[in-house]
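Before any comments, here is the structure.
Labels for the chains are A, B, C and D, by order of writing; each one numbers its residues from 1.
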Amino acid sequence: MAIKKICVVVTARPSYSRIKTALTAIKNHPKLELQLVIAGSALLGRYGNAVEFIEKDGFTIEEKVFMVLEGENPTSMAKTTGLGVMELANVFYRLQPDAVVTIADRFETIATSIAAAYQNIPLIHIQGGEVTGNIDEKVRHANTKLADVHLVASEDAKQRVLKMGENPEMVFNTGCPSIDLADEIKKNPTLDFDPIQKYGGVGVEINWKEQGYLVVMQHPVTTEYASARKDVEETLKAVHELNMPTFWFWPNVDAGSDGTSGGIRSFREIHKPQNIHFFKNMEPNDFLKLLANSKCLIGNSSVGIRECSYIGVPVVNIGTRQNKRERGSNVLDTVYDKNEIIKSIQDRITSTDIVSENIYGDGASGQRIADILAETKLTFHKTIVY
Amino acid sequence: MAIKKICVVVTARPSYSRIKTALTAIKNHPKLELQLVIAGSALLGRYGNAVEFIEKDGFTIEEKVFMVLEGENPTSMAKTTGLGVMELANVFYRLQPDAVVTIADRFETIATSIAAAYQNIPLIHIQGGEVTGNIDEKVRHANTKLADVHLVASEDAKQRVLKMGENPEMVFNTGCPSIDLADEIKKNPTLDFDPIQKYGGVGVEINWKEQGYLVVMQHPVTTEYASARKDVEETLKAVHELNMPTFWFWPNVDAGSDGTSGGIRSFREIHKPQNIHFFKNMEPNDFLKLLANSKCLIGNSSVGIRECSYIGVPVVNIGTRQNKRERGSNVLDTVYDKNEIIKSIQDRITSTDIVSENIYGDGASGQRIADILAETKLTFHKTIVY
Amino acid sequence: MAIKKICVVVTARPSYSRIKTALTAIKNHPKLELQLVIAGSALLGRYGNAVEFIEKDGFTIEEKVFMVLEGENPTSMAKTTGLGVMELANVFYRLQPDAVVTIADRFETIATSIAAAYQNIPLIHIQGGEVTGNIDEKVRHANTKLADVHLVASEDAKQRVLKMGENPEMVFNTGCPSIDLADEIKKNPTLDFDPIQKYGGVGVEINWKEQGYLVVMQHPVTTEYASARKDVEETLKAVHELNMPTFWFWPNVDAGSDGTSGGIRSFREIHKPQNIHFFKNMEPNDFLKLLANSKCLIGNSSVGIRECSYIGVPVVNIGTRQNKRERGSNVLDTVYDKNEIIKSIQDRITSTDIVSENIYGDGASGQRIADILAETKLTFHKTIVY
Amino acid sequence: MAIKKICVVVTARPSYSRIKTALTAIKNHPKLELQLVIAGSALLGRYGNAVEFIEKDGFTIEEKVFMVLEGENPTSMAKTTGLGVMELANVFYRLQPDAVVTIADRFETIATSIAAAYQNIPLIHIQGGEVTGNIDEKVRHANTKLADVHLVASEDAKQRVLKMGENPEMVFNTGCPSIDLADEIKKNPTLDFDPIQKYGGVGVEINWKEQGYLVVMQHPVTTEYASARKDVEETLKAVHELNMPTFWFWPNVDAGSDGTSGGIRSFREIHKPQNIHFFKNMEPNDFLKLLANSKCLIGNSSVGIRECSYIGVPVVNIGTRQNKRERGSNVLDTVYDKNEIIKSIQDRITSTDIVSENIYGDGASGQRIADILAETKLTFHKTIVY
């Protein structure tokens, strides 16, 4: 039997965590060959230079695709996507994969989908079927309709993909590979490094060892990017006022990143907060360990909904970004208001009933994904079932 | 109340017929302003120079977007689409419309959808919810998931869009504007021009006035483009053997158009058929009159499923291109086999029970579309309903 | 000593003839490795499918770059070039050549130059220093200013490049590789194939064996493309009236190609010329043999100035396209006027004093180019000498 | 007589200063109409948001062209240029100018040149004929060969353009419009604002009022971008050690900007220099006033060669960036070595014989440019003169 060439396109730092264990499983599978393409902000220093971590993890990168237009506004997001289609069309033409994998719902992921589908290459979509409510929502479901195989992360997501008319034989609940990483941390959660020593970052020393610490990760919400700056200021004020040691992570690339980043920079200049230390990026494993030992994660990152639920970390989720995603009891939702955020953090760090849950996977998703890719007969012909 | 600016993007000759009466109604509506963008193959002489007909019909063209990459293979289709996203992003940024209209399911229509949706402009999709079975199928449903308002052409299509999870308040069965044009012809079907005299074309004179005539319009099927040439040869042989006067129309742009066109050219060189006259293009109204007076339409054009059903013209539909579209009793389906095609044509031209049906509209779709655009509160926020 | 990787970009059918023997010499040179990139119209069936001949000649193609925008107008020429820069930047980033070779002066050749120069890759320009007078003129000299090494085809060209301020150590008169091909033909000019039998083509049989024949090759002149149709009609009328057996070759891609092609098609429909047979393309060797045995070449192709001068074929050169190129005594210049063209052809086919000349090379250019590339120290630092 | 539409493309902050008075003169000229296009980094906050100053100065912007690819490496520079050609081709097609103006020699300026020349629009090149020695050198002279009219800034530059074979009737020494701005400052050099109060910036308060101050502006040198960080560190160390009040300006966009910026950021974190205050940008007039009142300008900006020569400001010019540009007696050249830089600064600030010179203009360039554009018969046909 012929080896199937599986081309995976990683376009951003957070997507890498959501696929890493699957990449390893594909690479090691006797019936599969991995063709790894790194594109978009995953190549850029400004967004955490994911490519370095990927190479350090031992993966061979088949192609690097520079496609991000500067501007960080809706127009440049659209143009980045269009350029991505053109570039990835070339890449797939050259690599001639048997299947292409597109991950989740970032705006540029549809470029992968179009470049593959239009060239009659079977398209695998990871983590469709979820619900949010902004441009990601449109992109995710459009990816579903362009894809031939659906590897979703929860039962709820599976039911939704089926309702949308996809062929039941092609929809699999594999769980999310990010939970595989969380599983390792859950089994061995010791914080075996000093974050500031290892990663440097910017800002004052904070006394996290004795007092414990919060973690903040807040991304701009694309369709409301004008208010990104105002939003982040509320969180900054809340965290500043609480005056607990805090590790704050810069946002990834999105329209409005300038708003969020600008808000942070300006706050830092004016208030010189003595309780906050800023990081640009961290290796995924280290990041999860940091979370596992934190008092609470604050912001709007999906890591709070997924990994933190599995590990059992308290989370204050702010705003609409994770809108309708399934969540566990670890999460408390709130709005962009300093006082509400303070109240929510106080609730979480004093709560005693936070338990681990299996909503987004059981720790074996990566291998499951590789096995399905190996065993499923891949095709690019599909028709809606109703 | 403010006038809404409605930007309609027409990317191909056949799309124009499917939107023409709506363009007129938008242009004349007191609450709407039309911003007409002509793009892709609609600008190219090789594909019938639709832009000339559009200007002749009195429409002002706001922008012309050259975006077609040469090659006519799947890779160039993808790259054309990517380039379209980049170019249309600029156009919408400049025109600042209140809504953008994308038409049906040609591969490049998703460029319009992405360029609008990513810039937070409400997206109107015309003629979603139908079923075919190749790349058009994927594109059409992806357009649905990117769009905020759905103006579909049949009740069946409406039910399908609703099942896919769209908000019922944003799904309207307007019928297809192409039926509005068909309605005029149905009311006054006289063939008031000599096709060869008016359009020239290529090939011998044929005695269509006394013997009646067939019409052929066969497009390549994108995902099977290698066989486009073989397919068209079967139809050519059948029509040649029947030896009835025939008007044959060149295919529009698609991967494989070279296959179909090459097959026609080669057949013509070798067999010098004395019963076939070839046209590149015809004004839509004249084309419908030609059909209304023909003995039968042969090929795989959607005009056979839609307009011909409404007017009551016999149709032999070959192959998978119109696969699962609803069809009336006028249509007989067959496969790419000379003998089967001959048998089907003979059946159709001797059939006596072909009646007109209203499946795709009642002749008032254009006005209905304009009214809905004027009255509906447009938004770019949407979430799947389940 | 390390092997130098030499990346040659061929973007059109005629460019291939101008580099073919150099490609062979580079491929066979012990100190060089050939990286062959085929791009633009060289990949398209409409323009003679040069890529097929190249593969048939045994070259391995490293990359195929689809970059031609449809439209054949000045805007699409510019956009094709811009796209070419983007695509070729990727290609060179991937191939990491030690030098890039750009050929002559077609509009898209500057894309190769920019993509190489901006990435600090030494750029070799073939056939700079000539003079014409339209957009090619601007492109050629701009290529010179972007290039680090200049391999020119005549002494006159060498002097001109030096006057423009280039470093004398980097300017070499190698002659033109197309003359190497001509040299083989000159040594063995027998027409050992039947053109119509071997290449098919379109049009009636013509009695070329007994009566001898003319060859026509006329390209549109870019900056005057509106008049391309009128120009070709004068030549058509002249050749038609002379009523001698004629082989006519379709033009290559350029803005206005539609004008020239349209003129030919229309003339053929109306006048059904009984003395002209049309070809789309021919293998370079066969084409030269055809010329070597012809009574006269008519049109505006540079082959008349170069190869025909070396072989000693009479040429009627029409219009401004070869404006200021050095030419031998075989060439008679004339204008786009039926009567002038007829008079000039009659002069040429009765002339008895046409001799072979060495203006553009001596038959050893290909090897000379490879040797220079191997021996010259390549750098991307340069400064104008005055 | 018809009004000529003059389309000027500004792609970066420094280019604006070099054209501003010409823009005003074109705008006010009765025979000219200004079509102003702002593109590239001139639109980006990261590079000083030149567009805001331009709008504040009362200019109407016809088009904004987002074209900068992220990456800041040679590949993204090439791709930015390619994208610029595609975008600007559209812009010129839409605006239909009678002439296009491209400014100087930044890498993306050739995009303007190609988009205009290929569409047969007369191209005006501002500030050709100078000499530097890296990629700017190639771009500048290639722009010259694509341009039809040359408006150069010095007599030396004029002679060089003529030597390159341009038509003498189309080469004009207008001087540089940036000198017009310098002229105003020279006439009224009072520093009538507090830089830190007006522009904020980053870093400690410095006692510039009593002790006087240095100004630093150092850009990365494109073709040596790996060493950009090391270079800037030498300057930082020198300025730090001198311990005089210093205003330091961030570099503009170029490959390597990250190297320079990274070097500055890192130095700041580690050494917390108490004598340096950092600015991102300043209105051109304010910047010149700041220079006029400074003790010395240090770095590699062309402002040191041009404006400072005219005003008579001492300059320490470091490295190869201004390599072979004509310079006045105000400039002392040195290399990237802390000790050499210190020595040079000490020489300059104690020198007593620095005088104003007219090398790059007399203060009336803007009006002269407008007059030439109005009176010269513009054409896109050109041929090298020898």
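Methods note: a residue touches a chain if its C-beta (ideal position, glycine included) is under 8 Å from a C-beta of that chain, and two chains touch if they have at least 3 such contacts.
It should be emphasised that the depicted structure is a prediction, and the values quoted were computed from it without experimental measurement.
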item: Shared interface partners, meaning chains that touch chain A and chain B; value: C, D
item: Chain pair with the higher count of C-beta pairs in contact (B-C, B-D); value: B-C
item: Centroid comparison with chain D (C-alpha atoms), farthest chain; value: B
item: Geometric centre distance via CA averages, chain D-chain B, whole Å; value: 53
item: Centre-to-centre distance between chain C and chain B (centres being mean Cα positions), rounded to whole Å; value: 41
item: Where chain A touches two or more other chains at once, by residue number; value: 75, 79, 83, 86-87, 90, 93
item: Residue ranges of chain C touching chain B (in the complex, touch as defined); value: 41, 43-46, 66-71, 75-76, 79, 83, 202, 258, 269
item: Touching residues (chain side chain C, partner chain A) in the complex; value: 63-65, 86-87, 90, 93-94
item: Chain B residues touching chain A - in the complex, by the definition given at the top; value: 74-75, 77-79, 81-87, 89-90, 93, 107, 110-111, 113-115, 117-120, 131-135, 137-139, 141-146, 160, 163-165, 223, 323-324, 380-384, 386
